[in-house]
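Below is one structure, written out as structure tokens; comments come after it.
Chain IDs A, B, C and D follow the sequence of writing; residue 1 opens each chain.
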Amino acid sequence: MPDSATAGGFLLVFAIVLPVVGALLSLVLGGRHAERVTLILIPAGLAVAVAIAASIWRTHGMLQYFVGGWDPPLGVAFRADGLSAVMLVTAALLICGIGLFARAQFPSPRGAEKRAPSVFWTLLLTNWGALNAVFIGGDLFNLYVALELLTFAAVPLVSLDGRPETLAAALRYLLFALFGSILYLLGAVLLYGVYGTLDIVLLASRIRAEPAAWAAIALITAGLLAKAALYPFHLWLPPAHAGAPAPASALLSGLVVKAPFFLVVRLWFDVMPKIPERAAAQVLGILGAAAILFGSAVALRQARLKLLIAYSTVAQIGYLFLMFPLAIKPEAGHPWSTFAWTGGVVQAISHAFAKAAMFMAAGLIAEGLGHDRIAGLAGIGRALPISVLAFGLGGLSLMGLPPSGGFVAKAMLLTAAVAEGQWWWALVVLMGGLLAAGYVFLVLARSLAEPLEPLRLSTTISPCRQTIVLVLALGAVLLGFVPLEPLELLQIGRPDIAIDRLK
Amino acid sequence: MSAAIPYGLCSAVLVGLGLFGLITHPQPLRKILAFNLIGSGVFLLFGVIARRGAAVGFGGDPVPQALVITGLVVAFAGTALAVALLLRLVDETRRGTLRDE
Amino acid sequence: MALAFDIVLVLLILGVATWTISARDTFAAVVGFIGFGLVLALAWVCLAAPDVALTEAAIGSGLTGGLLVGASARLRRTETTSGETPSISLRLSAGVVCTFISAGLAAIVLELPGKAPTLAPQVAANLAMIGLDNPVTAVLMAYRAVDTLLEVVVLLLVLGGIWSLAPDHLWGGSPGSRHLAGPDGVLPFVAQLLVPVGILVGIHIFWIGSVAPGGEFQGATILAAMWILATMAGLVDMPAVSRRWLRLLLVAGSAVFFAVGFAGFAMAGAFLAYPEAYAKLLILIIEIPLTLSIAATLALLVAGPPERAPQE
Amino acid sequence: MSLALNGLTIVAVCAGAFFFLAGTVGLLRFPDALSRLHALTKADNLGLGLVVLGLLFQVGGVFAALKLIGVWLLTLLAAATVSQLLARAARASGPHE
């Protein structure tokens, strides 16, 4: 653990500041400039993310930066380990895809500023800045502000079209998120009251197994679960994610719900590795299992494509939390524990790509048909083959079939579960895969069916947009060629793991 | 130091009261109100912890006090967004039902 | 004696809070909440946090209260239709759960370590380096300046989110309806008297923030309130949200904040670091536009989304 | 000297508190909006005035004293305005309530 700022640490500042300054610039310039600023900043932000990852890979250590030169506990630190780097790059790639895709949906007109495009582009940048702030935040209160920034950037995207249903969905989302943040804050203040710091690394060295610490961790975790929409806090997610415009849904389902999950991982594996709470980890696992079974079963019964995908997000979030009972061990650095941990993270990344592709494919299908009723999909496979292919490839990852990132993730969770003798989680993974296969094939079968009368698309869909979606879906597939073993980059900077023990 | 204890208990009760309101009130505006009450309870706990940290001539630890100021502003922002969403929703649904009938 | 006062104050706070939760009428509950904020501000004084007391009174009670009063007045007409009450069993189980949570929290508060951890010595040790006397302002503007910076961005972002709720054809228009000054209006008369005084008070509170309780958020709230008062009295009108000068005013504070932050790379070797000789001056350079930007943002947050079509 | 000042303070503040009490009783007991307002504003303005007067004996400097008087004047202004507005609203909504 470096105890001073590392060379290249300033890159972390840029990861946050670039998108945020871009958003402010869009607000001032308004109109068509919002889109331009975003499209200029996307390659710059991607470069910063890649540079951070490269620097971590090269030095095999964390990046650290003390803002204003004040070291914690007085000041605020930004830190990036291997996990942060991977999330930063994932976010940058997805934002890139979403931005290119959204150009056709939110074109900025000449002359007077229009509402939806200006808002969308500004919020896309703010979401990005907030996500990066979550991924590199090293201070619990700074993370609170970052989480709020993320929430307030995500909620207006849901109600962008101003229909009463989406307004209601946005309000419900906001109330859940505010409730989650206040629980989080309550936990954070308890930690400060007992240990006198909010810095994650300092906390990790000071925290002890005592009631106040347990209560604080429980409160923070509960708050984050409400924001991550883990069962039973999932109620807000389907209407919100299904109601948003397609690129916004991709952002929300692919990235925004991963931010609170990322913080739960941070908290459980980095802050309190010394408090092994296997019972609590089992609770998280049970909630995850319930989410998988419930979300998949409800997804099967949906009549609309976007709602089906949204319920599938509820289920896939469940998989993320299966890593807790499998990876939390009394002794640190257990090989299977690292296996399960890696599986969970790979699941987060591959789901991000797969789900973004599926939501945007569904958006194109709905645009072409003028509706997204699953019963009326017949013939779309012939009319929009690339979109349907992208949907199918994304579905591959959800089911966990090879080759796909989802397969790698689920195989790792499955292996860890069997090897540790916790076979019931393996059962849940398999059941979830079967149910996912059910709802994906349901959609594909309908799309490939012969229509009663020749299908006429209400608008033409440009092949370019379909290609972007396909590329994202291929990203999820490509993750399937990742070797089935703990990835070295992901482990850099993790306190309880000695990398050489893994091999 | 003991002077902070009544306020600490007060903050605990405020959190419970607000939570109760959040669960039991069906109207969104009352939920927003209850959320603000929980927020006040949490901030008060910051104040208690700051007061306990009084040292070197300061009446309290300035760090949590500054965090409360930031938190209050953020909570206000959240309330403003929720209220705006609610008002727009009410406008839309009322107009919607009038149009339907 | 002091303890007795504390206990009475706490009982008062809890009494008003209970009223806020239990009142049947939403409007009454909101009025209770405003009172709650004022009593709570008193509690902050007792906790030796006058900066927070000012903020609580100004933002927690004043602005939030004003916002909620406006909302409940507008919702009054629709309230009768949503008169569903939760079932007894829900209330009972919620009551049990919440009592349990309160009791748990209370137990933790009572069990807090005897020797409280504190950062006060570290804050004090570095105060001279940044040339400020008010430790809270030092935390907000120096040690944890990045929180403050992100928070100002949060305010702007929420304002954008609220504007995004306007219907398409009103985008770029002015928020709220036009208030016209009546010939015998009391409000315009008072506003003419009060607004200049209030602006002075707001500037004063901001200005003394470096040495005494006060600062940019408290001062800005008072300035925002004066703007709202002047608008309600019909003395000025809310500008159209598409106006370039308004956008510049809103962003000015954070823009200067970012600029000084980047200058820190060159001058002091880190983002948002101040060279020792110029720290006080640089903080002031940030604070002046920041106060104006926050004031404008807060006033527009209360005003809500555009409701009048932009004039061509 | 300070004993006499303290005595004056106690007398004035107690008198102020009495007016507040009277105003509150009036708020609770009077039948309609206008008379409630009457009770409240009269009593509270005077009550606050007496409290401020009592505190004036305790302050150190002229500036602090001016600030206290400023607070009183501003409250007077606000109370007068609000009661005007309330009274108009009450008259507009009819004689009852």
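Just so we're on the same page, contacts are C-beta pairs under 8 Å (C-beta built on N, C-alpha and C of every residue); 3 or more make two chains touch, one makes a residue touch a chain.
Just so we're clear, the structure is a prediction, and the values are computed from it rather than from any experiment.
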So which one's got more C-beta contacts, A-C or B-C? B-C
Taking each chain's mean CA coordinate, subunit B and subunit D are separated, in whole Å, by 31
List the centre-to-centre spacing of subunit A and subunit D in whole Å, with centres computed as mean CA coordinates. 57
Chain centre separation in whole Å, for subunit C relative to subunit B (CA means): 12
For subunit B, write out the residues touching at least two other chains, lowest number first. 15, 32, 45, 48-49, 52-53, 63, 67, 70, 74, 77-78, 81, 85-86, 88
Can you list every residue of subunit A that touches 2 or more other chains, as numbers and ranges? 74, 141, 145, 148, 152, 155-156, 159, 162, 167, 186, 190, 192-193, 196
Numbers and ranges of subunit C residues touching at least 2 other chains: 105, 112, 116-119, 123, 143-144, 147, 151, 154, 158, 161, 165
Can you identify all of the chain pairs that touch? A-B, A-C, B-C, C-D
Help me check something: in the complex, which residues belonging to subunit C touch subunit A? 104-105, 107-108, 111-113, 116-119, 122-123, 126, 142-147, 150-151, 153-154, 156-158, 160-161, 163-168, 171-172, 242, 244, 247-248, 250-251, 254-255, 258, 261, 264-265, 268-274
Footprint of subunit B on subunit C - complex, ascending: 2-3, 6-7, 9-10, 13-14, 17-18, 20-21, 26, 29-30, 33, 36-37, 40, 43-44, 46-49, 51-52, 55-56, 59-60, 63-64, 67-68, 71-72, 74-75, 78-79, 82, 84-86, 90-91, 94-95, 97-99, 101-103, 105-106, 109-110, 112, 116-121, 123-124, 135-136, 138-140, 143-144, 147-148, 151, 154-155, 158, 161-162, 165, 215, 217, 298, 301-302, 304-305
Subunit A - residues contacting subunit C, complex: 5, 10, 13, 17, 20-21, 23-24, 27-28, 30, 65-70, 73-76, 112-116, 119, 122-123, 126, 129, 133, 141-142, 145-146, 148-149, 152-153, 155-156, 159-160, 162, 167, 186, 190, 192-197, 211-212, 215
Of all residues in subunit D, which touch subunit C in the complex? 74, 77-78, 81, 84-85
Okay, in this complex, where on subunit A does subunit B touch? 74, 141, 144-145, 148, 151-152, 155-156, 159, 162-164, 167-168, 170-171, 174-175, 178-179, 181-182, 185-186, 189-190, 192-193, 196
